[in-house]
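Below are two complexes that have chain A in common, paired first with chain B and then with chain C.
And now, the complex of A and B:
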């Protein structure tokens, strides 16, 4: 082990130890690769695992983890591994739709706040403050409840609550861009607002937008799980992580730890993967942070 | 790093939610230690802490329905049932029914006083029944035309039509004091029962103490605390020795708790599938759709009734704590034993379907008839794990038959919208035969939670009317039995099959080994409170 290696170790970062001898870019790429593979596996699992595994089978209920049932079975004899993977996929789908809608709202509001004059800016900023001021969960519960529960309510609820922080970032970015020389020139050359927005602003905003989108994911997924856990979301026979976790609470006192442990861990791993993915992509795309 | 912060935030967020749940569970238990002593050994000899019932929404007001299951605690009733379900006197000293079965005359005891010292007279009884009739609550008194006091201790009830089951109403209606009844009564009940209210912390606990003015035998326990805990919290409390009795779900039935024994009480607390009886046909007055083309087919309903393996549901969904159910009133005096089906019989079920023209023409495993797929939704209340297990279990059992049942969990509000056009997993079970009338008589179609499937059969209607106008219990029961199955028709699974009854739940309680809870009756619907019916007789061994 080289001297510089030791000093790196002394610095204490586990990541450094793991990726010893690689440069920053390779490390980032590997992190991204690993998380993408993991997420792909979850999605692939949805299609390869048969729905028969999660049909009721009283003969094999309440079984601890084994080679056949990796995560054990629940009180209806359903395979917890299959339920968990399917649950993660529901979370993924909800997260994907909700964060995409959220990000688009953020983009539209952010750009219009920065370009359409003081009054619009005031309105959008007020909206952002309003939504940031109220706890997400409360609004999501209200919306999901008003829409009669179900996956639609959850998606709408998550989508309309998660845009404000990204909208604020985009607004600031556009404000900064507007004073850039080439945009001033384009304006003087008589280019239309639309032309400037699509040709000059959007390309600059793309990295912020996509990374914001990815970083919204873990948030959206956790909120989906949270709202299902509280019973305002999906119907209880759906294999969703929040439902699995809230069911398992009832059985904890009988010692059936596997009902909560594995699905909870799986949720954590997936959320963390998105987080790592998002921050590493940020390192790749954002020239200011390339050396971090 | 921004991502790191987000991650930490997410973690904190999750732990916050979980913490919220854990601690809300704990807070509910705190008062137990404050008010009763945490340990059995330390608890004074005549105190009891229970976690058995849910908190009634209507409070402690019999006019609004309190006490129709189990003991009303604070109030007493005109009549009561002994442990063999025979009717005996309580406040009443005697009662008579006129020849035409329209007039009931009840004489009450003259030594009953309310817990505030005022005497209980016929005026209070009249007031109670008038108030109940006006309130339009779950207690249906439409058939009562007049109630009047003949003297201070005699009451005369006049009925609109003969009603042999009227005594059941006298059993379930606690008498409230006219002088102390106001809008706050549900929170400050005053009555002539064995207990009086000491403290009620909504959502947490109810503490009662013995009523020294009670006319009957003084209860052994001078002070009883009812904790309103979720089932798993009740189980945890029992384990920690904080309660002497805890109601527990079936899933916990095989758990051992030292110092406590498991009591599995038989019940008629049944669960079954209600099928819409008519084809899709319009809406109710308030716009709820009526009818379902698939379940309107007799063959579908009968096939499910015969194919379903009730014993497997008992051992699977109820962990073995329960019995198969064939009607709404199994083993009651008015039950017709001929209604028991030879179930789990797939061949006969398949034959019934084939004969009715159901056939799998497109090879997808689901039967069709004239382009109609044998597929329907079975709605269950999302919050009820037992009903979920039953719904999913039945759906799985029936699938090989070629009938596709989609189990869906909904809130009670949604169920009210959907219950006329979808199969629903309901539960009933009462000591009162009028329940059969409510569920199966055509005049009750679409009324409240009763005949939601719009079932109607003129012969059944007639039998039940005859049963109500019967003057003796035997005569009434013979008609009730015929309404179920008279050899040709009836509302049981043998004939019209508007319901597929599945199981009677066993009611499970963990009871302190040293506690004598007397002889318990077959339990009706409503886990928890029915158990307290003989609470005044409980004592230490």
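And now, the complex of A and C:
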């Protein structure tokens, strides 16, 4: 079972004590609100934090965390807080593009598998097996190598590896829908396939699709960070979190723990926020799961 | 009768895997032949200034790089079928030898992490389910969900900071002490270098199995036969040992086998953080330095590794759980 599958199972029930006395729906809404605000703050930080903070300034180099430099400064005197926020935004952008491409692949293949007959279904299932059969990181390394590294390689690599789980969900959903009464009636009434697809299938799939998309973010961002950390992804000129952490490795032995600790923690918080956001939206849209 | 059914099942799986592997090989070969990274250039590396154009051509001819891609694919594929994966450019040794050696190192790491995370995750899952709704349950769940969002390499860095830099218990990286030969490394020394990366992978690996086990055990505890057992006065302990463990052990074991893909990916990152000379590190080097034969070999090997895990999971299910056999016979 995938990690996001687990969050489907047990989401929502962990904030019990925090929101005592509220009903489930209110709790869900509050969780969603809080995570959205946090993510907005990260994005806003990208625009409000001055670039001066990350220009080289040897007078304040290697400072541990303080009130002025919350996350400390690095060996060039750059403010780690600013670097972290900007790095998060780069990771966020790459992760979003990659997840979106991945989700579109999943949508197209999932619907095709469920509606275009046994052969296409077999082919899609086979493709899913193919992509689940190799460790994701290895495929991403292969693709990054094939595309000569850089941001494009990362986006393509992450996009190509993350669709199978969502494609499966969409395929199952469409399969179930196809046998639903109102679709059968629409067919008997002589509505075209296109009409049924746009008026009946897509509206029903839209929430599934968007939640699936949000739940792809955490994986996409973590893989992006991992591959950048290994040195395949973004160049040092675009300091995503992976790059920041990879650079910090050289300074760890001198005891500058804050170089690695805060950027990674920030990444964790962001990834976890997306996970909470996705699972709570799922609770909101799918009443069957709300009582979990 | 049952044996033939079993053999058909396994050979069917293997046949499917062989077709997948063939497709994967062609696809990977096509991908690397598209790469703008010039293998000759990456082979020469720092000697670029002293190598003339003629020598470049010679090197290209030596590796067969001057021939059209289809011809290269054919000769590579033919060699592959005979078990010849070619020669690694960075290690200057046969790919299979490199993979074999590196994999043994990785296997120790992954195996240790696999066992620890499996047992620990199973135990955590049981604890959480038996105390469902308590603070302990919530703690374990929060821990597992947080782990699912934790970057492997960051956790590795944290362990490195705490245990290697602050406490000084472990060396910072390098499985072979500087200045020593690989052959001189004692077993104790090896173990010392193994602990931190294995710890990283173990800590992260528990999440899946713990949450899965918890959910399964809760389902069992809510079942009618457990209700009956409790009504007859069975203690929680008896319920767990008589009804719980039998139902949850199998899914946990198969889940562990089916998660080899994630374990492999994790070990790539962990090996990089701790400079552990395993297959993961070789993968990164092959990718960064353009060692095409080694990269292709690792792609195929890792696919076989993941497949073996999935196959074992399927087989265990079939052997142990009669419902699956019957389901196939009637369906």
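Basically, the second predicted complex is superposed on the first by the 277 of 292 C-alpha atoms of A that agree within 3 Å, B and C clash if a C-alpha of one lies under 4 Å from a C-alpha of the other, contacts with A are read in each partner's own complex, and residues count from 1 in each chain.
Throughout what follows, a residue touches a chain if its C-beta (ideal position, glycine included) is under 8 Å from a C-beta of that chain, and two chains touch if they have at least 3 such contacts.
Keep in mind it's a predicted model, so treat the numbers as computed, not measured.
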item	value
First (chain B), second (chain C), both or neither touched by A:197	neither
Partner chain in contact with A:252 - chain B first, chain C second, else both or neither	both
Which superposed partner A:169 touches (first chain B, second chain C, both, neither)	neither
Touched partner set for A:70, first chain B, second chain C, both or neither	neither
Touched partner set for A:134, first chain B, second chain C, both or neither	second
First, second, both or neither for A:34, with chain B first and chain C second	neither
Partner contacting more residues of chain A (chain B vs chain C)	C
Contacts of A:183 with chain B and chain C, given as first, second, both or neither	neither
Which superposed partner A:272 touches (first chain B, second chain C, both, neither)	both
Which of chain B and chain C A:226 touches, first, second, both or neither	both
Chain B/chain C common contact set on chain A	148-149, 218, 222, 226, 229-231, 249, 252-253, 268, 271-272, 275
Chain A partner contacts - residues on chain C that touch it in the complex	16-17, 20, 23-24, 28, 31-32, 34-37, 138, 141-142, 144-146, 148-154, 157-158, 160-161, 165-166, 172, 207-208, 211-212, 214-215, 255, 261-262, 264-265, 268-269, 272-273, 283-284, 287-288, 290, 295, 298-299, 302-303, 306-307, 310
Contacting residues of chain B [partner chain A, same complex]	1-4, 6-7, 10, 13-14, 17, 21, 231-232, 235-236, 239, 249, 251-252, 255, 312, 315-317, 382-383, 385, 388-389, 391-393, 395-396, 407-411, 414
In the complex with chain C, residue positions of chain A that touch it	1, 3, 6-7, 9-10, 14, 16-17, 126, 129-130, 132-139, 141-149, 218, 222, 225-226, 229-232, 245, 248-249, 252-253, 255, 257, 260-261, 264-265, 267-268, 271-272, 275
Chain B-facing residues of chain A, complex	55-59, 61, 75-77, 148-149, 215, 218-219, 222, 226, 229-231, 235-237, 247, 249-254, 268, 271-272, 275-276, 278-279, 282, 292
